[in-house]
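Sharing a structure with you now.
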């Protein structure tokens, strides 16, 4: 284990960013989000939850996938994929890191999404253990240890030091390049912090959330529960929950006419909350917000686990709990449906 | 249970039991004290979850649009600012006022849980308002704040505590008008240079994730199909693929509600990135007041808004932009 | 210094002029038949009335790389459709003031009233507007970079 | 897939000299969707149109772009040609490469580049054009003439002659207008009354003409062929059907101090009066501002004396509503107010008068019974000085920038008449230019100078002042290059004329446009001089521009011809470029109806299928295509974009924008 004084952190960031692009929580216009670090940038490592999750780095909100060029009456397809240079993603919390696993199962399964894969492979992930989780956190429910995330490197931080543990070969390589900034030690401090964090987690109000109903009930029974109607009635059909969610992976493919002879085909995040989400030429098979709302949670709690060996596609980051404009969230769904099990 | 909540629940119970209304739109308790959600109550039994506390900031007027379609008579609880939205919805034929009983209720300004959390108080269990003070109890003890520190932005600059419409009112304590000038934020920006303003908005708007919460919560945004969702409009966008699209979305959104926006402040309340969207809407309101005379959307449920109105003596755009003219 | 002026010369701004069919478009026709010149980078789109111009068209123009947008309509009171330009006047006053509030240079947008008889005014207005836009140079604050990239390629 | 044909016109050398037309049609060839591209010397010629028609046939064109002169010139020509070949006329777009390109740019390279962009822009638009078909609306076979002067009278007579009913609405108690006030008319010197009053009588006697005097147009709704007009019939306090015009009431009226408007306020009239002897209708009217009975309730003499019981003090204004297929505006003129012209001393000196006042002073039915006496002391003026262009061709705020056109001729007439009747009178005329184009006009003016010895002095008058009872007219003689002062007994100002101010209100009601001088604008200055831009509304007389009697009568007859041409049709084709609401997106918010100046938008409840067997009833906008004029105000007000304008659809305009910005 290595450690570095907190006052030297900027040196660390500068050192990393000198070699490879460094993405980490930065504060811009008052909000913490992942961004490209440049010397002098206002970092926001201590913010528990960035507004958007870290998935942006592998699966950006908007991404060009191909370009078309017309010349007179001919059209050519331009492959714009380039090799992605190695980069460092720094400060990823355990929940967000777990979310990568959820995304990998979608994007890296056959057929592989090469856009995602290229970025995923190029990235060295430095995870960051939580010290003070808050009441909206419930990662424990999904078997995540917020005090001990993995990734290529894991860091802990207290008021004095940042502690550094390499986990993988990629991690070692990164460690090597900045080793000179570190001193040895800190195991004990980390251990103490972990114990304390775990104690807090035990006490969090959602930590005892029971998901067994979703594991043990017939899909259609859940689907047909009458409570969905009441649960969804305040839903505004905005996409906040899906866009702040670290595991939501839906996208739309659209085209943009950049000039008369140039068309950009890009993909961008889509939300199952939107009324045109399942719009097809024949019409839309989800016509009410209840159906759309149900879809989102059925996907997280039932469909995805069904297809992925029981892995829920929620990691308990609690962003939706904090950010839903009308305070609807997955916890309310789990409690309402799971609380009264059908006989 | 506070006195106002008590009266509200009592009234809701009466209305439902007497079948005077078929449903009541109010707020329902959440997982915590501070996360009530808007809800529709159809039985007395359901009313046990009814809540009205410092965190009931949501404007319920827009829910009438969807609920009225389902039929029946509805009672809705509206805070002073929400009553203006109601009138605009009536004016634009989105809501049939004869099918609605408006119960206007006391509001002393609603609290912003994020501001409280920023002050280091988590796990809030209750709040108590005491004049200009708010006592916040949490699992970890209690803390006292000046109200100003923890109010929602929209309540800090509350435009009026007057009810624009009310079939009934439930008011226990006097509601004091705020002394804050709601246009000071706009003025501050106006004083900046073009470059500074551009930098400010670029910083703010680049945070936008196009979740559409601002649009979807807005009581003035009730289009059957929004231009941004309509691929045939030539303006449809789903995600901010370019900074221009961020600008465009917010310009068009604000323009489309210009003259109709009551300044209910919901857009800023719900923005997950805390973009001060009210500063966009208020610029239009301020300009309208300056150029065409004071106008408060939603003050009445009929009449024309300033953009579907004109006088022969209106200012020319150049003079208007230069700020040279003022309504006589 | 030399370099700067040369650079400026190279960049030819794009100016979109929306002209109402009854007054301003006819005014532009009159400017033409009177051989009153104005720069070639001013290009006109005919609309029935200035009140047909949706703010979205203005934004679309900027998105596609316009450096200035000008709306021309009948003089207030003379609208062929009686009241159309009164609405234009309010809409564009508010829109342009708002764009300026967002940091867009106020000189990039303009509304002028040009009657069918004012060929000379049309030409003068366009010369002046083109000059102002030339001075401002490229519109960097309200443009779509994707469009710019493709254009600059 | 669209098949577009592009035709670039040389317009002789008008376009081809500045724009490399060959290069334009070559560059356009490779545009997606273009299957034919050619250029031709004169596209509007018979051969050019044939070229277009052949290409439509041969290449199965679905859209046509003509790069030529302004669409305001030949859009209709090319659309017609396309239609003749079976292509929907609205699939033709014009790129204006003459007025907006070749004529204003000198650099051939620059102009050619711009022409290519303009043509591409038109292609971008035409790709999104949709075939449009005109609807039909019925025609109400009745015309309205607003104004009962010579213009209105002539128009009404001609329309009635063709067998159509026509109403004349006149705001004064009698028809006749300004011409009735004139003494003699130029260049023949025949008496105005002698030629006008028979026409007035014809109107009264025609069973097709309904004369509504003392009435004003209050409201106009509808559109060509289908106007609904509200007319205010002002309370006359005299029953028109009973009054015989015997004038006994006038003789008995105790309130005799009213200013006689007909005589330019030069003498007085009673509170109950008939404006002049030949008034039509020959019916009295009570001036409510002056009548003792109406003001104080005391009097009632006229009622007592009236043998037929025509007087009714309780009469109130009445609004009647009528339907018309066409409207002629003939609201006429008035002399401008010259109080501001201090240099001529009009307000200080009674003997400085306007020409129209002189007409009354010389008229046998005027205040002096036709004997020329000056107002101050009722003596014969021995020296009379005329001053021309008072307020005309005047760029100061006091006057008008235009030439009033009639003054040169009437001054020559006045001078001649005075010299003829009073040969001992000295007549001087200060003029800037004498403008006498017109049949027998210049001869008339020359007669004044040569035969009648009128002293024409080229120069402007600086000052008129009173010195010992003489009016000293101080001016310059530009020919002699000297300052002159002419001591005169009477000074006559050839006062500029301006449109009757009530025309503003009428223009608003009719949605007709008005120029900065308040003259109504014609649809085209050369080719549509009697039509207003609003379909079904026509212009006669001075309301459209200064003109004399023969011109006014010609224009009135031209209006009548247009009206008759309209009224003989049983139905009209409507403009297909109208707004239309996409009901699936309409919210029924009513904002669009609020900005529609024509009342074309109404709302209906419509049922929509939601899927899953559910339906919902929504209030949605409906645009009446016969009423909509196609301005597009509603399209911008509509936040959802449900409202769009055919022919100028949002997508089309945005596509044009994209193309124009292409660099």
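Note that the chains are named A, B, C and D in the order they appear, and that numbering of residues resets to 1 at the start of each chain.
FYI, a contact is a pair of C-beta atoms (placed from the backbone, for glycine too) under 8 Å apart; a residue touches a chain by one contact, two chains touch by 3 or more.
None of these values were measured; they are calculated from a predicted model.
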| item | value |
| --- | --- |
| Centre-most chain [mean C-alpha coordinates] | C |
| Chain separated most widely from chain D, comparing mean CA positions | A |
| Whole-Å gap between the CA centroids of chain A and chain C | 45 |
| CA centroid of chain A to CA centroid of chain B, Å | 30 |
| Centroid spacing, where centroids are CA-atom means, of chain B and chain C in whole angstrom | 36 |
| Contacts with two or more other chains, residues of chain D listed in rising order | 595, 637, 650, 654, 658, 662 |
| Where chain B touches two or more other chains at once, by residue number | 227, 233-234, 241, 307-309 |
| Residue list for chain A, restricted to those that touch at least two other chains | 256, 259 |
| Contacting residues of chain A [partner chain C, same complex] | 256, 258-259, 262, 264 |
| Of all residues in chain A, those that touch chain D in their complex | 70, 72-73, 257, 259-260, 283-284, 287 |
| Interface residues, chain C side, partner chain A - complex | 144, 146-147, 149-151 |
| Chain A residues within the chain B interface of the complex | 28-31, 33, 51-52, 61-62, 134-135, 205-206, 230, 233-234, 236-240, 242-244, 252, 254, 256, 266, 268-271, 274-276, 321-323, 325-329, 331-332, 335 |
| In the complex with chain A, residue positions of chain B that touch it | 30-32, 35-40, 58, 63, 114, 117, 122-123, 203-204, 206-207, 209-213, 215-217, 229, 238-241, 266, 269-270, 272-275 |
